[in-house]
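When the chains are written out, they are named A, B, C and D in that same order, and each has its own residue count from 1.
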Amino acid sequence: MTSSTYASLLGLGAAVVLLCAVMTLWRRSVGAIVKVLAVQGVALAGVALSIGIDHHDATLAVVAVLVLAAKGVVVPTLITRVVRHDPASRETQPLVNVPASLVAAGALIFLAFAASRSVTALAPTATGRLIPYGVAAMLVGFFALATRRKAVSQIVGILLVDNGIALVAFLATAGVPLIVELGASLDVLLAVVVLQVLATQMRLRLGSLDLDQLSELRD
Amino acid sequence: MTAGSLVVIGAALGAGAGIAGAAMPKRSRAAAAAVLIWAACALEATTAVRVLATGHDVALHTGKLLPFTGINLVLTPLGALFVLLVALVAVPATLFGIGYARHAMDSRSAASAYPVFVTVMLLVPAAASVATFMVLWELMALVSLALVLVDHSRRAAARSAGTWYAVLTHVGAAAILTAFLILAAHSHGQTFSDLELHARAMAPDLRALVFLLALVGFGSKAGAVPFHVWLPKAHAEAPSPVSALMSGAMVALGIYGVVLVGDVLLGGGPMWWWLVVLVLGAASALYGSLHAANNQDLKRLLAYSTTDNIGLVLLALGASGVFNAIGHPRLGALSLVAALVILLNHALFKGALFLTTGSVQVAAGTRDLDDLGGLLRRMPQTGALFLVAAASICALPPLNGFVGEWLLFQSLLHGAHLGNTAGDIAIPIAVAALALTAGLTVAAFVKAAGIGFLGRPRSTGAEAATEVPATMRAGAGLLVASCVVAGVVPMVVVSSVGRAVRAVLPHTGARSLVRGVNLQLVGMKGALAPTILALAMTVAVVAAVALRRVASRRPASRVSEAWGCGRELVTARMQYTATSFAEPVQRVFDDVLRPVRDLDVSHVAESRYMVESATYRLTVEDRVELTLYLPVIRAVRRWGQAARRLQPGSVHRYLIYGLTALVVTLVAVAVLA
Amino acid sequence: MSAAHAAGVVGASAVQVIAVAAGGLVLLGFMRKVRARLEGRVGAPILQSLRDVRKLFRKERIRPDVATWIFPAAPVVLVATVAVAAVMTPLITTQPAMSGGSDLFVVVYLLLAGSTLLALAGMDAGTAFGGMGSSRAVMIGALAEPALLVTILALSVTTHSSNFPAIVRATLANPGLIASPARLFAVAALLIVIVAESGRLPVDNPSTHLELTMIHEAMILEYAGPDLAMVTLGEAMRLALLLGIFVNLVLPWGVATSTTALGLVVGLGALVAKIAVLGGALAFFEVFMAKLRLFRLPELMAGAFVMALLGVVSGLVVK
Amino acid sequence: MRLVASPRHADGLLVTGPVTRNMVGPLIKTLEATPHPRVVIAVGDCACDCGVFRGGYGVVGAVGDVIGVDVSIPGCPPDPTTIVEALRGITGR
């Protein structure tokens, strides 16, 4: 695979990951957000695969497939199952309205690029230059996590942050050792399962997945 | 079968006892764990005796178990002495525990935590690297905390005792860890031998910081005055065999720490270090004995008397440091021997006192002296054991407390005229503190024994008290017997302590104090013949009994009511109670204790001059706790309230805190980079 | 130790104990006689206290219904501990039995053992007076202890050892020691402590009948017959021993340094004379002294303590 | 003749005045508290035969009626020499 196509492929993958993160802020309905998450998972797997091929690293390829399976397919289906049961959680009224959150996302992306300037200066390789994308995706994911009302979109927020971190990991260390990746993805799966159980419980107890009900729990 | 493997097998047996404690059915749980604990103690004790006899250490290093550093245990003679001390207290306490388990310590968690506690205490003196020591130290603290909280569900006091104990122990542990880290930073490795090599090259003020941190850390575990506050609370709430172990063995490990850092790792130090230890010791001795004399709860009284005895040990330790610093190594060795002999004796008689108090609590249902009385008639063996143990803590001649006090007095006496001004001022004050403590200890324990065991029972519980099962009496009996043996034949104790001291202060050439039957001070005039003294006393008692029998014509003795000025009804309420007994001493030290007196009189409805009933209550609070600790607690609580406003309960607020923190750091990184 | 020497030591110590016992009772009688004479009474004959003790031995023993084995044990242990202490102290000769282990510290703690057990026995009968007596005795003991130990320190500092015969020998060797300020302060403090330990005026009035003022007497209210005889004997021996210690520290002349028969007789004579003079003086002052209020005692004891401390400091400075 | 603080230490009880109702108990208890061999001496007419108080509503009787009396000294009040003589009679001096 020639280096230029490799570089462009990487760029495309990282850009798609960042774009998806921003899309979650932009789209309102949870169903759409979950689909965006799936796309981000696929893009992330793509980046991992291309790095694996470029470095002729078989384990990285296996990791890519795993990421594709977990983040591209399994997690989104789990979340859609939660969403399908609960019609009320379809539209979300975020804490910060959509235009304001998009502006904030922009600021965060700018901050990410500024902060990781020294990192890119350190490793001017194809992967190194794209690290700010991963950092930006993580920041935007965190912002989405902080400003969503519905429990489901919070789950999506956490997954966005995790994808951001995974992207940075792939780009920075040219592939995270298999065990670390397995561990991380296991964590994510666990988190999703727990949150799913939490969501169902919330629906049973509080009747809705709105997080504001939680504030009554304070003593 | 190297000695090192004995230590490992011992530890394994201890752990096995822990599992047995948890797994076995309720009835046989205590007995099974006891057998395994005894085996563990026996193995560790044989290794310790071998180390003391041969004089060279037993080392054991394994890479496994602890990541990065691995476990390394080196049993030096000093450590061996403390392993023996722990074993000497643990075996009888476990025997006591078998009978006691049916009443108080029967829960699965207690039965499994107790063996682990004993095993860890057996291993702490053998720890030879910072990592192993800290792991064992923390394990000891946590397991003992679990044991203190054994019946937290039933008593709120146990919960508060647990919190006090946890906080103070971990403040101490933090201080110890910092001290060790500073030492380790200046040496290549983290084993104690490396630390010792490089400690001498450190800057003096850094060495002073390390010493003071260690003194704070280990002093809080030992129960020296400003940090003693947890002792009365934790010991009063813990089950009796546990408080016997804590007061006898765990507190001694605090002193082991001070000797380890002060004398072994830092190799002595400037005089002012040890003057601080001496003053701390004197303050603890006075404060502890004063509060022991004015306390009505038997276990709290014993806990304060632990602070008092630890004060005496620190006094002797301080004196030893001062003598070493001003160039009198032989005197330094003598006062270190005195310190360790007092510590060993304290472990024995304090263990016995706590066990017998446990029996009293089981039989009479209470440990408040104002509700006890007349127990010697109802519980003859436990009463007699308590009395002998009380006599030995009062340092009365034929018993072991006396030997320790004599050694300390001799070392202070011979240190008095060394021509060093600071020493000349410190020594008389130390003797005065020692003397007043001795007087107050007698006051405290005559009260405890007299009010608790003699006279008429003051409550239905005490009235109905009956003797406790055999294992409990045997446990306490074992300890009291060792007290008597250590008193009449102290050669064994003093010579083994002498060997440990010669390992700690090698260059002093302190030959053994033991000359055949009596103790001869090396190079100084002063000798004590405890065995002959005990023999003479028995002969004298036999002669006196014979004199009375021969001289009196009427062998029969008549039993009649006690003489109460001809009053018809002589009831238990006419007797002195613990509060009234301590009232003269408390009034003499009134401005130090500042007790809270409240007298409320309820008048007859018709006229103010006719009194229906008047209740007088006098409570002596722990002034250190009131002046030092409560302001800190109030401040922390105030900040806590203020911080609560940061927590409105909305999930979003918390996430936004996280995000802002991340953003701020990234901005900082961006700006700085 | 060859058998002959051992027999000699046992014989000598037996003689010393009997001397202290009989001497104590006679001293008690003598002091009562001096008080009586000063108060214009004829007073009982000097040997009356001996007869009293013999009579008490013949009376019936009474045990309170609530008492335990401590009640009969206390008088026996009191007499035994004072006897052992008497054997150790260099009263007649500077080589008493067990002189190797004869230490002021040991003597003090032997007396402490006796009085502690008596305090316990006081509470055994379960009456109010016994508790009161023990509580006060223990309070005074706690206050007298510091003064006593620092006095011993003051005495031992100048002679670098707390071994009692060594101190007496050193004082005999250079009489200048007695006039030294260290010794004077120590001796004054010792006198106050002795008055407190043996329960004489102004600390405690031995011949009081008003229970509320008693300290020592209240503890032995329950004893009758032989027990009372043993307690009286113990008290008398304790008084004689304390005065003997005081006398031998102040003016040790006459104490036999060699073990010749003549030396022993001279020693005995000197001891009796000195104790008689001191006992008489004590009785003389008691007639003119009133009992101090119980809570004035801390000041007295603090005074003794400070004087002992001065003794130590001046001992260190003068050297 | 020495006055002692407690009947336990005493050899003899010197009782004066008639025995009233509330003092019967204490008198018996005091006698019981005194160890044998003991002597009871009733001093004065009131003690010997209730004297002027005979028949009083509070009086139970003379000391002799309540406890055995060994020596009784008449007289109201008995003059000191007869008391001393009687006491000397007991001690045989």
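Here is the rule we use: contacts are C-beta pairs under 8 Å (C-beta built on N, C-alpha and C of every residue); 3 or more make two chains touch, one makes a residue touch a chain.
From a predicted model like this one, the values you see are computed outputs, not experimental measurements.
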Target chain D, source chain A, minimum contact steps: 2
Chain pair with more C-beta contacts, A-B versus B-C: B-C
Computed distance of Cα centres, chain C from chain B, in Å: 35
Mean-CA-position distance for chain B and chain A (Å): 58
Inter-centroid spacing, chain D versus chain C (mean Cα positions, whole Å): 38
Interchain centroid distance [CA atoms averaged], chain A/chain C, Å: 93
Of all residues in chain B, the ones touching two or more other chains: 554, 558, 560-561, 563, 565
Where chain D touches two or more other chains at once, by residue number: 6, 8, 33, 35-36
Junction residues of chain C - those touching two or more other chains: 59-62, 211, 221-222, 225
Set of all touching chain pairs, with the criterion as stated earlier: A-B, B-C, B-D, C-D
Touch list for chain B against partner chain C, complex: 293, 373-374, 376-377, 383, 387, 391, 394-397, 402, 405-406, 409-410, 412-414, 416-417, 424, 428, 431-432, 434-436, 438-440, 442-443, 446-447, 449-451, 453-456, 518, 524-530, 532-533, 536-537, 540-541, 543-545, 547-548, 551-554, 556-565, 570, 572, 574-576, 580-585, 587-588
Residues of chain A that touch chain B when the two form their complex: 95, 108, 111-112, 114-115, 117-118, 135, 139, 142-143, 145-147, 149, 154, 211-212, 214-218
Chain A partner contacts - residues on chain B that touch it in the complex: 647-652, 655-656, 658-659, 662-663, 666-667, 669-670, 673
Chain D residues within the chain B interface of the complex: 6-8, 25-27, 29-30, 32-33, 35-36
Residues of chain C that touch chain B when the two form their complex: 54, 57-70, 75-77, 79-81, 83-84, 87, 98, 100-101, 103, 105-106, 109-110, 112-113, 116, 119-120, 122-128, 130-132, 134-136, 138-139, 141-150, 153, 156-157, 160-163, 166, 211, 221-222, 225-227, 229-230, 294-295, 298, 305, 309, 312-313, 315-316, 319
